[in-house]
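As C-alpha cells, here come the structures.
You will see chain A twice below: alongside chain B first, and alongside chain C after that.
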Partner chain A sequence: MEHAIACTNVRKKLGSFSLDLENFCVQKGTVHGLIGANGSGKTTTIKLLLGLMKQDEGDISVLSSSAIAQDADTRNRIGFIVDDASVPSMLNPKEMGAVLSHVYSEWDATAYSKLLTQFKLDQKKPYRSCSRGMKVKVLLAIALSHKASLLILDEPTSGLDPLSRDEILSLLSDYSKDEEHTIFITSHITSDLEKLCDYITVLDDGKVRLTEEKDALLDSYRLVRTTHSGLSDFDPEAIIAKREGEFQIELLMHKEQIPTFAEPIRITLEELVIMLAKGGYRT
Partner chain B sequence: MDVILSNNSQDPIYLQIVEQIRAQIVQGILAEGTLLPSIRSLAKDLRISVITTKRAYDELEREGYIQTVAAKGSYVAARSHEQLKEEYLRKIEEHMRSIKLLSDFLGLSEEELGMMYQLLVKGDA
Partner chain C sequence: MKALLLKDWYLLRKRWGILFGIVLLFSVLAGAQATMLYTLMSTMMLLMISLNTLAYDQHDGWDAYVCALPVSRAQLVLSKYLLAFLCIMISVVLVLISTLVLGDRSAESLIGNASVQISFGFIFVACNFPLILKFGFEKSRVYYLVVAGVLIGLTSLVSQSELASPTFPALPFLVPLFALLVVLGSLRLSIFLVKNKEFSET
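Moving on to the complex of A and B:
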C-alpha cells in the first residue's frame, strides 16, 4: 500500500459550497498538512475521510479500505482528533481509558497512562471541565494509544499556548519517525505545519490549489522588496503576487526569475500562502 | 555529525545538507564506515521533510561519499582516487574564484594575473 489516503474524483456538495478532490493522495509514511481558510472545505474533507459523511461522487480509500464507515478493522488503526469529538464528556481520562479498552482491539493502557502523566493531566477531572488545551492532550493521548498507523487530525493545536503546541508537535514528530506511520493534519497555524510536514496542500473554496513537498515549495519561491519607482525594473510576467505598502512593495517570485540586482529573501510558509492567495493562486 | 541549516543561504536545503556532510567526510570528521543518522531522524531533528533528507543522501550516494545498505542505513564510503582528485579540483576552483574577485576589484588583467603566477612558480623552483 503506497497511499495511506487516496481521493479520486471526489465531490461533495453542501448547499452552494462544493468540495472537489480530483486526485488527492497522502503517501504512507509521510506527514501531510492541509492549509485552508475557514469554509474552504478542510473539515468536510476530514469528515469524508473518517466516514462521518458520504461523498456524492468519487472514491475514497483510507488505509486501503474503500468503505471506511463500514470497516471497523481499519477504523481501529486510525487515530483522530476532530472538533466536538464525540467523547463522553462527563467521564474523566481514567474512565475513558477503561471504556476505550473495549472499543479498540489494540488498546495500550500502559502507553495511555504514560502519556497522561507526561501531559500532566489530572486523571480524575471530567473531560468537560478541562481547558481546551487539556482536552486536546487527552484526545491526542487516546489517538496514540491504540497502535494507530494513521493519524487524522483537524486543527489539533489551535487555541493552544506555544509551549503546549511545541510539546504536541514533538510527540507527532516522534510518531512520524516510524515509516509505517502516517499523519494527515489540518491547521491554521502554518508555522506548526512548516516544522512538521513533508507535504503541504492548500485548499481554497473547495478546490486544491497546490500540493507540494514542503522544502521544495519553500525553496522555489522568494520575496523581493522594491520601491514604487523600482517596480518597473521587474518583468511583470515574473511577478506572481505583490503586496503594496506606502514605502515599499513586496513581490513574490520564483527563485530563478529574480534579476541579479535584487536581493532574494527566503519566505515562510505563512507568507507564501498569503501571497499566493493575493495573487489568485497563479504559480 | 553536525548539520546546521542557514536561512540566509540561497541554496536549496538538500544541497546545504549535501555540502555539510560532504565537507565533514572530506575533512575526516566523519570517518570511513561511520553510520549516518537515518533519513527520518535527521528530517525530524532539522524539521525538514524526509523527501529532502532522502534527496540529500541519494546525492551523496551518487557522488560516492556514502553507501546505503538495505535495512541497515547509510555508511560513509571508502573514497577512491577519482573522488580525492575531484575534491582537490573543487578546492582549486574555489580559490580561483576568490582570486578572480580580488583581481576584478583591482582591475588586473588576465595577463597580469598570469605573470604573478609565473613569478610564484619561478620563486618556488
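Moving on to the complex of A and C:
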C-alpha cells in the first residue's frame, strides 16, 4: 500500500530529549492516531512532518515529497493544526478566508463559509475573542477548505466539550470516507482515537513503542480480573502487565493465552495503552 | 505575496490609528520647522508600524503557521521588506507634502529630505530585520532601539555638517544608493536565516 507519510531512521535531538522514528509509516487512505504522554514527541513529530523543524538524521517523506519545507506544492495539499502555530489573533474568520484564498490554489470559499456556519462561528468575531473550541473549529474549517488530501492534526479535540468533540470527530470521519484522504492525528483523548482511527501508534519518550491496526490490537488483548490469592493460578509468562487494586488485580493477556477458568473482558484503547505502559511495552 | 500583504493590511488598519496620528504630527512639524529630527521621526514611526506586524506574527504563532502554508519562506521575508519599503515611501510623501505646504519649497531641500529618509529607513531595516526574524521581536527590542538612536543621531550630525553642504551635490543620490545595496544584502541574509529557522517553540 502507498504511504502518505514515511519516516526512516529519523532522529531529532532537542536538548536532552531525542525523538527516534526508525521505521514509521502512515498508509494512504487511512486514519492514523498517535498516542503519547506530554513530552513524548507528538508535536515534534508533527512539526517535522510539516517542515517546521528539521531532522538531524534520516528521511521523511510526506505525500512523496522528501523536502516538505521547500515544497510549497505539496504543502498545498496538506491541511493542518499545530500546537503553538496559529492564525493572526486580530483577524476574523472572514478576513482569514480572504487571505487564504490567495494562498491555496484550490481554496473553496463556499465550503469554508458552509463550515463556519455549521460550526456556528461568527465570521466577524476576531480570532483572539474566540473560545478554545471556536479557535480549533476555525483552524479545522481552514484545513478542510482547500481540498487537502492529507490532514495532519495536533490535538484537535483537546480542551473541547464533548459535543464539540463529537462534532469534529464526525466531520473527520466524513472526510476519511474518501479513499484518497489520509488523516494523521495526535491526541491525549484515546477514546476519540478509538472512534476514529484505523491504525494506532504509541509514542513514549521519543520512541515508537507500538504500531498496529486498531481493531487487530483491541482484538488480540483482553483484561482478566482476579484476586491476590488467585494470581498464582496464572502462568506468569502469559501476563503482559498487571494493575493491582486493594481487592483485585487486573491482568493484561493475549486473548488465546487466557485460561478457561478466567473471564476475559474486552479492553478499551485507553486501558490497553495504560497497561502496556505499566508492562514496559512488552507485547 | 498578495496574501501576506493583505494579512498585514488587515492587521494594520485595526491598530494604526494612534501611531499614524503621531506620524502625521511629525510630518507636519518636519515641514513647518525644517528639523531633521522630525523628518526622521516620521519615517521611524512608520517603520514601527511594519515592525509591529512582525511582533504580532511572532506573538500569535503566525510566523510558524505561515511556514506550513504553501508560501515560500523567501516570499515571506520579501513581503516584510516590501511593507517596510512602502512605509518609508509613505513617510517620504507625507514630509514632501508637508514641506511643500508649510516649508522650504526648494528642490535642494525636498531632495535632501527624501534622501535622508530613504537612507535612514533602508539602513534601519537592514540592521534590524535579520535579527528580529531570527531571534524574535521581544529579544531584539533593546537592539533596535539602540540602532534607531544611533542612526537618528548620526543622520542629524551628518545633515548639519559640511558633508551635507552643496559642495557634495551627488551626496543625496549616492547615500540612498549605498543604503539600497546594504538593504539588499540584509534581505539575502534574512532569507537565509528564515529558510533555516526551526519552530521548536514560539
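To be clear about the criterion, the second predicted complex is superposed on the first by the 282 of 283 C-alpha atoms of A that agree within 3 Å, B and C clash if a C-alpha of one lies under 4 Å from a C-alpha of the other, contacts with A are read in each partner's own complex, and residues count from 1 in each chain.
In the analysis below, contacts are C-beta pairs under 8 Å (C-beta built on N, C-alpha and C of every residue); 3 or more make two chains touch, one makes a residue touch a chain.
Quick caveat: nothing in here was measured; it's all calculated off a predicted structure.
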Touching partner for A:K177 - first (chain B), second (chain C), both, neither: first
Which superposed partner A:L91 touches (first chain B, second chain C, both, neither): second
Comparing the two partners chain B and chain C, which touches a greater set of residues in chain A: C
Partner chain in contact with A:F80 - chain B first, chain C second, else both or neither: second
Partner chain(s) touched by A:K54 [first = chain B, second = chain C, both, neither]: second
Partner chain in contact with A:L14 - chain B first, chain C second, else both or neither: second
Which superposed partner A:I189 touches (first chain B, second chain C, both, neither): neither
Chain B versus chain C as contact partner of A:I35, first or second or both or neither: neither
Which of chain B and chain C A:Y104 touches, first, second, both or neither: second
Touched partner set for A:L144, first chain B, second chain C, both or neither: neither
Shared contact residues on chain A - chain B and chain C: none
Chain A residues touching chain B - in the complex, by the definition given at the top: 29-31, 173-174, 176-177, 179, 194-199, 213-216, 219, 222, 255, 264, 266
Residues on chain B engaged by chain A in the complex (per definition of touch): 7-8, 10, 12-14, 40-41, 43-44, 47-52
Contacting residues of chain C [partner chain A, same complex]: 2-3, 6-7, 10-11, 14-15, 56-57, 59-62, 64-65, 67-73, 198-202
Residues of chain A defined as touching chain C within the complex: 14, 44, 47, 50-54, 69-70, 72-73, 75-76, 78, 80, 82, 84-91, 95, 98-105
